[in-house]
Every structure is written in structure tokens, then in C-alpha cells.
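There are two complexes below, and they share subunit A, which is joined by subunit B in the first and by subunit C in the second.
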Partner chain A sequence: MAIEGLKNIILDYVIKEYLEEDSEPINYETPLISGGIVDSFSMVSMKRFLENKYDIQIPDDRATPDAFDSVNKIADLVEEFVAGKK
Partner chain B sequence: MAFSDKTRENYQTALAEIQGAGLFKKERFIHSPQDAEIEVEFPAGAGLRKVINMCANNYLGLSSHPEVIKAAHDGLDSRGYGMSSVRFICGTQDIHRELENKVTEFLGTEDTLLFPSCMDANAGFFEAVLTKDDVIISDRLVHASLIDGIRLCSAMHDTYKHLDMAHLEEKLQLHADKRYKLVVTDGVFSMDGDTAKLDEMVALCEKYDAMLLVDDSHASGFIGKTGRGTHEKYGVVGKIDVITTTFGKGLGGASGGCVSGRRELVEMCRQRARPYLFSNTIAPVIISGILKVMDIITRSTERQDKLAKNAAYWRKGLSEAGFILREGDTPIVPVMLFNAKLAQDVSMGLYDEGIYAIGFFFPVVPQGQARIRTQLSAAHEISHLDRALEAFVKVGKKFDILGKTKQEIIAKYGT
Partner chain C sequence: MSNIGSYEDRIRNFSWQMAERELDYKPGDPINIGWYCSDRICQLGLAEKVGLIWESHTGLEKRYTYNDIRLASNTIGAFLSGLGLKPEERICLFLDRVPELYLGFLGILKMGGIAQPLFSAFGEEALFVRLENAGTAAVITQKKHLAKVRKIVDRLPELRHIIVVDHDGVSPLKAREVTFSLDKSDPVNEFDVHPTTAESPSVLHYTSGTTGMPKGVKHVHYSLVAQYLTAKWVLDLQPDDIYWCTADPGWVTGTSYGIIGPFSLGVTQCVLDSGFSAEAWYRFIEKRKVSMWYSAPTAIRSLMKAGDELVKKFDLSRLRHLASVGEPLNSEAVVWSERVFGKPFYDTYWQTETGCIVISNYPGMEVRPGSMGKGFPGITAVILDPNKNEPYPVPGKIGLVGLKFDWPSRMRTYWNNEEAFRNKFRNEWYITGDRARLDNDGYFWFAGRDDDIINTAGHLVSPFEVESALLEHPAVAESAVVGKPDPLNLEVVKAFVTLKPGFAAGKDIELEIMNYTRKKLSPLAMPQEIEFVDSLPKTRSGKIMRRILHAREWGEEIGDTSTLEND
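Entry: the complex of A and B
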């Protein structure tokens, strides 16, 4: 799976789901949870979105606030589980 | 000694950090009953000062109403002071059930259970009725007590953007596989004074087979034509599955709260909600006062009508003076100042002019959205509001914020 494409999908989702019209722009490295952009409750929808889109299951003990703290980290996590399917 | 010098030092550092961040809360001692005008000692040790209160949740002006005080006195004489028991052992009097029945009728629900506070109602409800097979979908700006209650529950929790019905619908679709879906919102949002679109929410919940919970603490008694609450305003009385609310604001302002709604959900709370099971309920003297409050607000809409007129007058006055307000039609009127220090300085300036109104800033409201939250009461007379408007204008001129845009205020004071 092309990692850049995956990152773009995640970035688009974060922008649409969590940012307001007047929010500062974000990039692949922006801290999402520790930076206060995504609260730990709202992380659930991103996890479910990615699980449905890529037909994977991310166990709760891997879906930690740290693992979801940037687009890069989320992409790494998703890639690992997608690779595990093959 | 368990509380060692090192431990003390650590806590002192933590407190100093709170102070350094400008987030330290101080109480102001009030020496009079709660009312439109109160006598305040501030700072501690200073002489008493009579000020107009613009920040109480005393929406209906019943906190010190003579009939309510008399009813509380009578209740104290006839039912005693304390129950010394939780409800299900020997802590339930006839008047507890009488109040539950009155609230059920007033809110248009099936049954009601009293809690020591609405904070307790919200803390106990979710865990009592939901499990890990379920999902809770809440507005991103719901009250902290709902967040705490949701955290105590094993159900999955997701959120939708504030008042964004399209986003809520997406979430209902995303979680369609869950056993029970519960949508959670405040009726009136306390920091902004805006309201949940309950008619649209009921329609969405019906479409996606979801339950709906509304915390109507800042609405019960005065929102809607006869004060039933936000569900009356939106024409959906009888269609809300659960309403939680408080007796600590419009409904007399003393203390207590309740869960009111579908019979089976209320009964689940009676069986399982921990704040109900492991704490005394509302004291008889307060129940007696609330029963009188319910009588007063159902025999006429005089107080609700006066509150609505006061709110409209106040909003118009501030707006014409050039303040930036949050849009809305409730008795909560936030005056936007954006900068935390400015909000605190304006609050102090108002106090010097005899007006008690508090600044709110991060983390109580989002960063860069500091404000003075003003709240109207049926206890206010137009003369109070005119004096308060005069003070707001004087302080507004001093800080040069009248007629200024958001960008101009931010340019001058920062966010």
C-alpha cells in the first residue's frame, strides 16, 4: 500500500472530522492528541473509520493516544495491520 | 507521617502552577440571601459591598422567594432535618415520591428518580443502563458531568461537532452495528446559551433507532412556552427518552437533581446507579421547598415571561452599546472578549462599578474565546438592568472595546 496515499487519506479525515473553519493548518507531524486537536474520546471514530476502510481490526491495547498522536504514527499503525493481513 | 514535607512541596508547586497559568479560582463570600442584589465580601476581609448579581443560575428568581422559604420551614417542622439513610433502606419519605411524580408530569415523561445532584444523576446513569456492546454519541460541548458519567461506563464513546446534525447522522451510520445507540446533548449549552435542535435530533434518533438523552439543567422551569424545557421549545415533549436536570438552578437553586424518562431506564437507575444507591438523597427541607417551586411555576407563566423580557432587553442593550455577543435567545448572554486577561480585567472593572459578573476562559471555554457570561433572572427589575448596562458601557469604553470587531479586539489584546 502506498504510504503517501494512506497519509493523505488520514490527513483529510482529521481535517474534516476534527478541525474547525478557523483552525491552524496541520501536517503529517502535528501532535493531534497531545496537541489538543483530537480528544481521546473522539479518537474512536477515526479508529472505526480506518478499520472499516482497510478491513482491519486494531486491538484496544494498540489504539493508544500515543499511537494516534500524528498522521505519520497512525499511518505506520494502519500499514502494520494491513501488512499482517497478507 | 504520610503527608511528608516532600509531598506538601509537590502540591504547593502544583498549586503555584495553577496560579501562574491564571487559572486559580477564588471564592467571593456573599453575606446575604441569593437575589438580584447581594452583599459581597471581596477580596476576603474587605468591607461588604452591595452589587447587582449578573451571574447566578437563579433564572426564575425563586432562590429566596418567601413562599419557598416558608414551605421549607414547614417541611423542616413536619418531616425533620435529615434522613440518615440512603433511599432504599429507610431514606424515602412520601414527599420524595410526591416530587418525583410532579416532575414526571411537568417534564412529560414516564417516571423520575431523584439524585443528590444532577452531577450525580449524570455520573450514575450511563453505567446503570449501558454496556460495552453499546455506543454513546455526544455533542462535543456537553457538560463536564456528562463526560464524567460517560467515562465511568464501558460503552464506546464518540462525539459529533457542536450542533452539527449532518455529523451526528454520519456517526449514527458509523456505529449502526452497536446494540444500543445513545445520543447525548445539553438542552441549553451553559457557556454559549445556544440550544440543541431537539426536533431534528428526535427525527434522527427515530431514523437510526437510537435513544436520546438531554441534560436540561439550564432550561428546566423556563425554556419553552410553559417552561417545561428545551423539548417544549422544539415541540418534542414525550419524545425524549431521558432528561436529566437539576433543582440547583431555575427550580429554586438549592440542590438536587434527577433522571426522568422511560420507565424501564429510570428503574434501572433505581437498581444500579451508584450515586443513588450509596448516598443520601435530597434532604426533606429542600424537597419541601422544591414542591413549592413546582406549584409556583405551574400556576402561572408570569416568572418565565418576565425572564424572557429581561433577557431580550439585556441582549438588545448590550448589542446596541457595541459589545460582541454570542447569538441566542436564552437567559444566558455571553459577552465575548476573546482574551483571558481582558475578561478578568473587565470583570474587576464591573465589580468596581457594583456589578458582579465573572470572566470565563480556557479551559472552561476554548482557547481564544474568553468571555463574561451574563445570566438574567426574573428577580431582576429593569432598573437593575439599566444600572448594569451603564456599568458595562463605562467599562467597555475604558478598555476601548465598544463597536470593535473580534479581529480588532484580538489585535489590541491578543487571544
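Entry: the complex of A and C
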């Protein structure tokens, strides 16, 4: 899976679902959890999106605030589980 | 030596007048929380003491001495008065944990307004019902939350001003919107603090109800007396402490003990405007040399999950006293805390309606892991027999937690809902809605809620409010919402949903409904799981029987089903 494409999909989802109009632009490195854009409860719907989209299961002990703290980190996590399917 | 000293001695000799004397307050005097938390501390010779250290998630720091706090709250108070806002008008703080939230809270109180803090993660519908119910006259917010306010402003004719504290000066403003910059405003040195009295309304916090929409809990300025004393005796705040309350002032802990308690005691407190991260929290405690830490079980369990090794990377040796609030603190967390921090978390129990801690573990007292502790001196807490609504004559039985309704920070009513207020009482006892038991030594032990309210991560969520939001989704025909056990958050929201014809259950629609609810209400209220069902259990009169679904989730006996309609 092309990592850049994966990052773009995650970034688009974050922008669509978690940002209000006129919000500051974000990038792959923007802190999502520690930056207050996505909270630990909202992480559940983000995790569900990724699991649905990529047909993977991310165990709860891997779905930590630190692992979801940026698009880059999320993409690394997803890539690991997608690779594990093969 | 702790501030409380001997709990037993305090119980024997207690009078709220002791706190009044310490605050130099006499019945009949004006009493204004904003003044007590800023001007008075300056008058006590602490004008140059740092009262607030604020840090953003990017590491940006701002420091405010008590004189800075006095000036900033004056400046905000004067600005609000200048807009034509009057005493007792409701002014909403819809802000992240930025300095304007803490300073604006005091500024509102100083000009006589009623501060209405709301959690900034609320979605537009949750925001709307609370502003509409309160008849809010002004909202203080940030650019990032402006879009949510704009979506509902046309439905709020009483809302006259939307004050944006971080406007860039470029984006066009709309009707009713105005900018305010604390940093760029000339500090107001002299400000006529409104002479509020003991029963003048001060704060309006919204809390969830079982059957109705959220209720506005009205507090008054006299609440200061109890918030001051409980912060002193339970949190044990002392002059040299660096205090960190992790609660957001959108909720009552964040105002009673994140603003009023520490500032009225002239303590230095620090604020981290950041989402949760175990490493970031430990780093913050180390960097700020936090000595008193007031947090919540969900956060503590999340730290446990992050592991003991992480704790060892940081110097947390300044920590002197730890306390917890929001939901029952499990005994494992107390034991873990003793192991890794060398001291236990002291559990505290109270509610939005009580305004202050009413049952607690106290410094110097034996902590029984898993127990709520004992009643605060001057507050009569009992376990009521639910059949007689009288205290059980002997300890040991599970019943309703009742309180004699006579302490300074008790709520005065629910805003525009006197009937709901009256319904909180049985035989003169205030009914908390929680069940517990007493042991032979006077310790309370939490047993559960007595209603359908969901306690998730220490925040109460109304199943009714979530069900109402779900029904607005085009695919949802019926819904029932209950709490589901969760190892981290105590419980989380689970929805049972029947779909309208033409819609099929599946992962995509589940996610769509989850996100719909999150945006409309809040992330806390978003169902973490949706179970699609063909029908919901109902009484013969058509009322959905949530308790059956709840019992299934918790593996409990379903109980009487005689009123259940036949399939």
C-alpha cells in the first residue's frame, strides 16, 4: 500500500470529521490528540473508520493516544496491520 | 501537618463560621467570588505571587501573578459591562483551557454576571439546548469554535453578543460578533466589583437528566465558603504548593477546584491545555514541580495502562498529595498509585449539584482502597432505605446516598425547572442518585447509580439526550441508550437502534451514526457501540425498557418483566 495515499486518506478524514470550518490547516505531523483536535472518545470512531476501510482489527492496547497523535503515526500503525494480513 | 489535622476533632467542633472568619466574611456583607479570588489575595500581600501558569500543547507558557489576575479579570469584566451586559445575565464561556477561560470566569463574576462554562467539545445541538435554556446573553469563544456557534445563532434570539478572544482581525465577522484581545487591551486597574451578596447567582453548570434535557444547576456566591474550606482540608492546598487540577472548567470540578478553590486560597496552580498523553502528563508534573495533583479515575487508569517503566523516566518527587474525582476509584488504582508514586490517590465524591466535595478520604486518615471515604465535616451524608426514605438504623445495607441539604455550596435550584429540583428530595433528604453502603467505621462504599444516567470517564451522559439526537438521524427509527461496562471509563455509551425501512445495518451506517451523534452532542455522548436490533423491549404502554438492555450489558438479573409487551 502506498504510504502517501494512506496518509492522504487519513488526513482527509480528520479534516472532514474533526475540524470545523475556518480551522487552522493541519498536516501529517500536526498533534491530533495532544493538540486537542481529536480526543480519546473520538478516537473510537477514527479507529472504527480505519478498521472498516482497511478490513483490519487494531487491538485496544495498540490504539493509544500516543499511537493516534498524528497522521504519520496513524498511517504507520495501519500499515503494520495491513501488512500483517498478507 | 495537614490542613485538616484530626478529622474526628473537626467533626466535633465544626462550624462553617470558621471558614467565614478566615475569609473575613460576615453574614450580610457583599461576597463576590471574583473579588475573593483576585483582589483579596492581592490585599493579603500576595499580589506578586504567581497564581496561574498556563502551558499550551506546543509548550507556549504564560504566567499570571495575582495582580495580573486581578487586572485581567477587571479588564474582562469592564469589557462585558461596556457591551451593555447586566448583572445576573448568563455569559457562556465556550473555550478550550486558555487563560481567557480562567480569567474570564472571574471577570464575569466581578461584573455580577452568571458564568455559564460549557465544555468546548460540545457539538452544536448540545450547545444550543444549554444556551436556549439559560437564555444566554453572550458567548465568549475562540475562532476554532465559532463555526459551531454560527450554526445555531439564528435560533437564539436572546443571544446578543458572541465575543471572539483570538480573532485574527482579517476574517469577516458576522452580526452580533465582536472581538476582544486580553493581551492587547489596556489593563483596567480600578473596577467597581458588583456588590453581589450570599444568595446572588454565580455559576450555571449544566448536568444530565434521566428523562429530560440537561438541567442548569444554579449556584450562588456564598458557595465560596464551602469551596474554599474543602480545597483547604481535602486537597490540603498549602502556600508553597504547585497545584494541578486536570479537569476542564466546562465541568464543575474545573470551576470549584480548578478556579475558585485554589485562587481563593492564593495558591499557584498550573494548567496544561492539551489532550491526554501519559508521557506529556508526567513531563508536565516534572517540569512544573507539581506537588498537589487532582485528577480522575479514567486518567489514572490510562496512566496505569501506560506502564510503570514510563513513570521511572521522570522526577515526580515533588508530588505530595494526590486526589481523584468523577467516578469511583477502583482499589487497584489506589494500590498502583502507592507503588509508583509512593502515595495513594485520595478519592473524593461530590456532584455538580453539591458544588463541593461532600464525602472524601482525608489527609492523615486511613485510606481504604475502593472506598469513597467519610462525610465532610458539617455535611450530613446518610444511606437511605429506598422503601422508607429514612436512614438505615445500622450500617451494611446498600441504599440511596442522601444528604441533609444545608451546606453553603449546595445548588439553589435547576434553572427554569423548579419541579425537577423538588423531585430531588425525599423526606427532606437530597437524593444524589447514587447507591452505596456504609461500613461499621463510617466509610462509604459506592454501589452504582440509581437511575439510567451514564457515568463515562466521570462525566454524566443522559440517555434521553443521546436517544433524541439519534432519532434525528434519517436512518434511525427507534433507539435506546444504556451504559456498557468499560475497563477504562467505567462505562461507555451503547445504543440499540432499529432502522427505518430502506436502511440496512452494517459497519458504514454504524460509523455514520456514531459521527453524527458526536458532532451533534459531544464525543462523550457518541455511542462507542451500536447494536442494530429488530425491535426494542417496551412496556405494554409503549415505553422503552432501558433497564432490560442495561441488565443484559452488565450481566445482571433482568428482574420484573410483567409489564413487558409481548412480541
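Throughout what follows, the second predicted complex is superposed on the first by the 86 of 86 C-alpha atoms of A that agree within 3 Å, B and C clash if a C-alpha of one lies under 4 Å from a C-alpha of the other, contacts with A are read in each partner's own complex, and residues count from 1 in each chain.
We take it that a contact is a pair of C-beta atoms (placed from the backbone, for glycine too) under 8 Å apart; a residue touches a chain by one contact, two chains touch by 3 or more.
The shown structure was predicted, so the numbers you read here are calculated from the model rather than taken from an experiment.
S.K.: May I ask you to decide whether A:E24 touches subunit B, subunit C, both, or neither, giving the answer as first, second, both or neither?
M.R.: After superposing on A, A:E24 lies in contact with subunit C but is clear of subunit B.
S.K.: Touch check for A:F49: first (subunit B), second (subunit C), both, or neither?
M.R.: After superposing on A, A:F49 lies in contact with both subunit B and subunit C.
S.K.: Any idea whether subunit B or subunit C touches more of subunit A?
M.R.: Residues of subunit A touched, subunit B against subunit C: more for C.
S.K.: Where does A:D66 make contact in the superposed view: on subunit B (first), on subunit C (second), on both, or on neither?
M.R.: Touch status of A:D66: second partner only.
S.K.: Could you look at A:E4 and tell me whether it touches subunit B, subunit C, both or neither (first, second, both, neither)?
M.R.: The answer is neither, since A:E4 touches no partner chain.
S.K.: Once the complexes are superposed, what residues of subunit A are shared between the subunit B interface and the subunit C interface?
M.R.: 39, 41-42, 44-45, 48-49, 52
S.K.: Which residues of subunit A touch subunit C once you look at their complex with the stated criterion?
M.R.: The contact residues of subunit A facing subunit C are 17, 20-24, 31-36, 38-42, 44-45, 48-49, 52, 61, 64-66, 69.
S.K.: Provide the residue numbers of subunit A that touch subunit B in the complex, in ascending order.
M.R.: Going by the criterion above, the answer is residues 39, 41-42, 44-45, 48-49, 52.
S.K.: So in the complex, which bits of subunit B are touching subunit A?
M.R.: 138, 140, 147, 150, 156-159, 171, 174-175
S.K.: Hey, which residues of subunit C end up touching subunit A in the complex?
M.R.: Interface residues on subunit C, with respect to subunit A: 57-58, 96, 121, 143-148, 171, 273-280, 302, 305-306, 456-457, 507-508, 510-511, 514-515, 518, 523-524, 526, 528.
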